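Please go over the structures that come below.
What follows is a pair of complexes built around chain A, which joins chain B in one and chain C in the other.
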Partner chain A sequence: MDILMNSVLVLFGLGLVTSVVLSVASVVLRVEEDPRVEAVAEALPGANCGGCGFAGCDSYAAAVVNDPKVGPDKCVACNAETAAQIGVLTGKAVCAGEPQVSFRRCVKTEGKVKKKFAYQGVTSCAAAARLQNGPDACRFSCLGFGDCMRACPFDAMFLHDDLVWIIAEKCTSCGVCVRTCPHDILEIIPQAARVQVYCSSQDKGKAVKDVCEAGCIACGMCVKKCPAGAVSERNGRIYIDHAKCIEYGPSCEEVCAEKCPRSILRRMQLGAQKAEEAA
Partner chain B sequence: MDYFLMFISAIFVNNILLAQYLGNCPYLGCSKEKGVSIGMGFAVVFVAVMATAFTFIIQKYILVPYDLGYLQTIVFILVIAGLVQFVEMFLKRMVPPLYKSLGIFLPLITTNCAVLGIAILVQRKEYDFATAVFYSFAAGMGFMLALVLMAGIRERLAIARVPKAFEGTAIGLVMAGLMSLAFFAFKGMIA
Partner chain C sequence: MPTPQLATFTLGGVHPPGHKDLSCTVPIEALPLPELLTIPLLQHFGAPADPVVAAKQVVAEGDLLGAAPKGLGAPVHAPVAGTVKRVTTVPHPVLGKVRGVLLEPDPAAAPRAYAPLDWESRTPQELLARIREAGVVGMGGAGFPTHVKLSPPPDLTVDTLLINGVECESYVTADHRVMLERSADLVAGVRMLLRVLGLERKGRAVIGIENNKPDAIEAVGRAIAADPAVARDGLDMSVLPLAVKYPQGSEKQLIEAATGRRVPAGALPAHVGCVVQNVGTAVAVYEACGLGRNLTHRVVTLTGRGVARPANLLCPVGTPLSVLVEHVGGLSDAAVKVVQGGPMMGFALADLSYTVTKQSNGFLFLTREETDLSDFGPCIRCGRCLAACPMGLMPNEISIYMERERFEGTDRFGLWDCFECGSCAFVCPAKRPLVQFIRVAKLKLRQKG
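For the complex of A and B:
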C-alpha cells in the first residue's frame, strides 16, 4: 500500500511542480512578440520564393516590421494591394515596384540548333550542362529539361518543343528560375520593356553561325544604332539597360530591332509566350 | 575510470548513435545539411547535460529513497520534457542569440531517446554526479560527431547518382548502417 501511495504522490507532485514552474515561467519569461509580424506574414503569399532577398516569407515579415530600411513592397509575388496592406500594417510608404517578368534568351528551335550527341542521363539541366555543356551544339542554349520549371514556386513555366516557356500572368519575377538555370539564359526584365534579346551566346560570330541560324553574332549594330545608349555588349552578349530604353521613349521606333541582321532583338511581346501555351 | 578514457570511449567506442543505436530519428532527420546538424548536435549536448544533472538528483533523492525505481522512465520523461520547455522559454527571454541558434531544435529533442538514454545509462552504470555529467557531455559530443559526419556524406549523396528506389531516406539508412559498421572497428579498444 505504501508503494502505491508513494508512487502516486511522487508522480503527482512532480507533475504539479513541473506544471507550476512552467506556468509561472510562461508568464515571467514571456517575450512580447510584435503582433504585426504575424499579420504581415499572413498577408504574404507564403510561397517562400526568396524573391524579396530574405530567407522566406516569415523572415521578410520580421524584417519589414523591425527594420525601418526594408520597404513594404519588396515581395515580388504580391500584387500592389498586398503591398499597400503591408504598408498600412507597418506604417511605411509604398512605392509600387515595376512589374517584371522572367524571360528566356534563347530560340534554339528557330535557329535549328542540332544535337551534339544523344543525351540519356538524368533529365535535369544541371546534370546535362556538366556533360560537355549539354547535348545542344550551342554552348549557351536553353537545355529544355526544365530545372527552372521545377524550381518555379508559382507554376509559371512549362516545357514545349524542347524549350521552357514562361506564362507571363503567373510569373512574379521572383528570380528563382534565373538562379537555377545552369546556362544563365533566363533574365528578369520589366514588363514594360520595349525590346528583348533572344540570344545569350557569348561565342564569336563564326562559331554561332555554325550552330544556330538565329544566334547573336555580336556584330554590334544594335549598340551603334541605339540613340539612347541603352544597348551594350559584354563578353559577346548583348545587354539592354531597360530603364534607359524606356526613358528614351518610342521616338527611335526600336531601331535596334529594325537593324539587327539576325533578328536577335525583337519588340517586346508578352503575348507570344501565352499563345504558345494554348498550342 | 579515467575521464580521458571515458571521453574517448563515449565518442568512438560506445558512440550513442552508432554503437548503441539511440536517437536515430534526428540522425536521419537533421543530417541533410552540415549547418543544421551542428546546431542539432550542440542542442543535444546542452540538453543531455542538463537532463542528466536533473534526473540524477531526482533519482538519488526521490526515486531511490521511496523505492520507486520502476517509475524511472516515466519520471525521467516528465522531468526532461518540463526542463526542456523551461530552458526554451528561459533562452528566448534571456539569451536570444543562443535561442536563435538552438531554439528550433530544442522542442525536437524534448524526449529524444538519446537524451533519455544517456540519463538512464548513467544510472545503470552507477556513476557519481560529476562523472555522470561528464559522461553525458561526452556522449552528446559523440552524437554530434556522428551527425556531422553523416551530414557531410549526405551532402555528397545529394549530387551523386543514386538508384531511384534508394533516393532520400533509404540511402540514408544504408549509410547509417555503413557508418555503424565503420565504428565497430573501435570495438574492444576500450571497454
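For the complex of A and C:
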C-alpha cells in the first residue's frame, strides 16, 4: 500500500513542479511572432521548392513580411490571386510576372541518338551521367531516368519514350528540375516564348551530326538572321533572349526558325501536350 | 612446428577468384611504336596539366607537354620524340572528355639513352623536386601525385615506408611482373624513397606482398640481399608476405596488415607513422632520380577470357586501347565488357578509344561467363555487406536511402569513409550496385555543399 501511495505522490509532485516551471517559462520566454508571417505561410503552397530564392516557404514568408525589399510575387508556384493576397497581407504592390515553364532542350528520339553502351545499375540520371557522360552517344542528351521528375515538387513531369516530358499546366517554373539535371538540358522560359532551340549540345558541328540527326550544330544562322538581336551563342550553345524576342513581335515571321538548316530552332509548342496525345 | 599465421587486416574483406594465372607468367613485352598517341593532360588525381605545346611543334622524348597545374597535380611529358598534331579534347574514362595532346611519333628518332645519375650525393629536397618534375604519380591506379604523399605534415613523425606489392585486384598482374623483372630497380627506388623521407638511419621499409605471388616474394627478397648498398648503409628493408584477402592493397588495410596500426577515419597514414607507395611508383622514382627519366611509360596488363593472348605490355602513355588490342591478336567474339583497372574497382569503358594513362594498370576483356548482366533486386537485409565492408560501414542502409531519394541521411552510415572497394557489391545476393549508390550519394551531398 505504501509503495502505491509513494509512487502516486512522487508522480503528482513531479507533475506539479513541471507544470509550474512550464507556465512560468511560457510567460517569461515568450517569443513575439508577427501573425502576418503565419498568414502568409498559410497562403503559400508549402512545397518548399525554392523557386523564390529562399530556403523554403516559411523563410520566404518571414522575408516578405520583414524585409521591405522582398516583393510579394516571388513565389513562382503561386497564381496571381495568391500573390495579390500576400500583397494585401504585407501591404506591398504586386507586379504581375510573366508566366514561365520548364522546357526540355533535347529531341534525342527524333534525332535517333544511339546508345554507346548497355547501361546497367542505379536507375538515376546522376548515376548514369558519371559513366562516360551516360549511355547515350550524345553527351548533352536527356538521359531519361527521371531524376528531375522525382525531384519535381508539383508532379508536373512524366517519362515517356525514354524522355522526360513537362506538363505545362502543372509546371510552376520553380526550377528544381533545372538544378537536378546532370546534363543541364532543362531551361525556364516564358510560356509565351515564340521560338526555342530544341537541343542543348555544346559540341562542334561534326560531333553533333555523328551522333544525332536532329541536333543543333551552332552554325550561327539564327544569330545572324534575328532582326531583334535576341539570339546569341555561348559555349557552343544557342540562347534566345525571350523578352527581346517577344517585344519585337511577329513581324519577323520567325525568320530564325525558317532559316535553321537543322530545323532544330522551332516555333514553340509546349512539349507535354504533344506527348500526352502520343501516350 | 605449425606454420605461423600470415598477417592481414581484421575487419571485413572478401576473396574474389584471382584469375591471375591468365597473365602472371607472361613476361613484360615492349609495345611497338604506335602511329598516334592520344595523351590526356589529366593522368593523375587533381587538376589537369596546362598545355605548353602547340600544333606542329616538334618535341623530343621526355619533353614537357603539360606543366603541373597550380595546386594538386602533376606534369605530363612526351613519351617519344615526334610532332604535336593538335591540342584538343580526348576521351577520359571518368570525365568523358578532357584536354589532351595528339602526338605523332617520329619512327626515325632514336630512343633516348639514359645514363645512370649520381643520385646518392643528392639531398632529400633535390630528390623530391626531381620526383615532382618527372611527373611521378601513384601507379596503383589512383594516380595521387607522389611528391605530395612524400611530404607528410611536418608535425607528424613517419617511421615506416610501406611498399605496396599486394595487387589484390583479380586479373591484374602488372605489379607482379614488375616485382619479378625489375626487382633490383625496385630496391633502388625504395632506397631513394627512404632518403626522401629521412628514414635511412631511423626508419624501415616493408614491402608487403600477398603470398599468392611466392615468386615475387622470393625475387624481391633476393634483390634486397643482392643490393650492396642495403647492407652498407644498414638499411632496414624487408619483404612481408601477407595472407590473401581483398582489399589488402588499400592504404589503410595494408597499414593495419603490416604494422597492426589503424588509421582513424579522416586521418592520413602519416598520423600512424606510415607512408605507402606502390611498387610501380618505386620503380618510377628510380627511373626519375636514378636515370633522369620522366614518367611516360607504364606496364599494363591486358587480360580476360575475351582477349586472344593475355599480355603484360610496357607502353607509352597515350597509346589507344585499340592499338593494344590489335597487338595481342584482337578480341574474341565472346568479349562483352571492357573494364579499365580490376574487376572490383575498375570502370567499364564504352569503346576502345580510351588510352593508357599513368593510372591504368590493366584492361580486362570479359566474356559473358565472367560478367553478371542480371538486374538487381531489393535489399533483403541479410547483412552480408556489413560483414564484408573493410571499413565497418553500412552500405545496405545507404543504398536504401538512395532508392528513396533521401540522400541527406546517408552520411550517418559512414559514407565519407567508403573508398569504393566494391566488397559489399561483390557479396550482395540481390546483386545491388551498392558502390554506385554510394558514389551517387557522395555526388549529391557534395553538390548540396
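The definition used in the following text is that the second predicted complex is superposed on the first by the 253 of 279 C-alpha atoms of A that agree within 3 Å, B and C clash if a C-alpha of one lies under 4 Å from a C-alpha of the other, contacts with A are read in each partner's own complex, and residues count from 1 in each chain.
As a working rule, a residue touches a chain if its C-beta (ideal position, glycine included) is under 8 Å from a C-beta of that chain, and two chains touch if they have at least 3 such contacts.
Keep in mind that this is a model prediction, so the values were computed, not measured.
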item	value
First (chain B), second (chain C), both or neither touched by A:Lys92	neither
Partner chain in contact with A:Gln132 - chain B first, chain C second, else both or neither	second
Which of chain B and chain C A:Val122 touches, first, second, both or neither	both
Contacts of A:Lys259 with chain B and chain C, given as first, second, both or neither	neither
Touching partner for A:Arg150 - first (chain B), second (chain C), both, neither	second
Where chain A meets both chain C and chain B, residue numbers	122
Of chain C, residues touching chain A in the complex	91, 93-94, 96-97, 347-351, 373, 375-376, 402, 405, 433, 436-437, 439-440, 443-444
Chain B partner contacts - residues on chain A that touch it in the complex	3, 6-7, 10-11, 14-15, 18-19, 21-22, 25-26, 29-31, 122
Residues of chain A defined as touching chain C within the complex	116-118, 120-122, 124, 126-127, 130-133, 135, 139, 150-151
In the complex, chain B residues that touch chain A	58, 62-63, 66-68, 71, 74-75, 78-79, 81-82, 85-86, 89-90, 92-94, 161
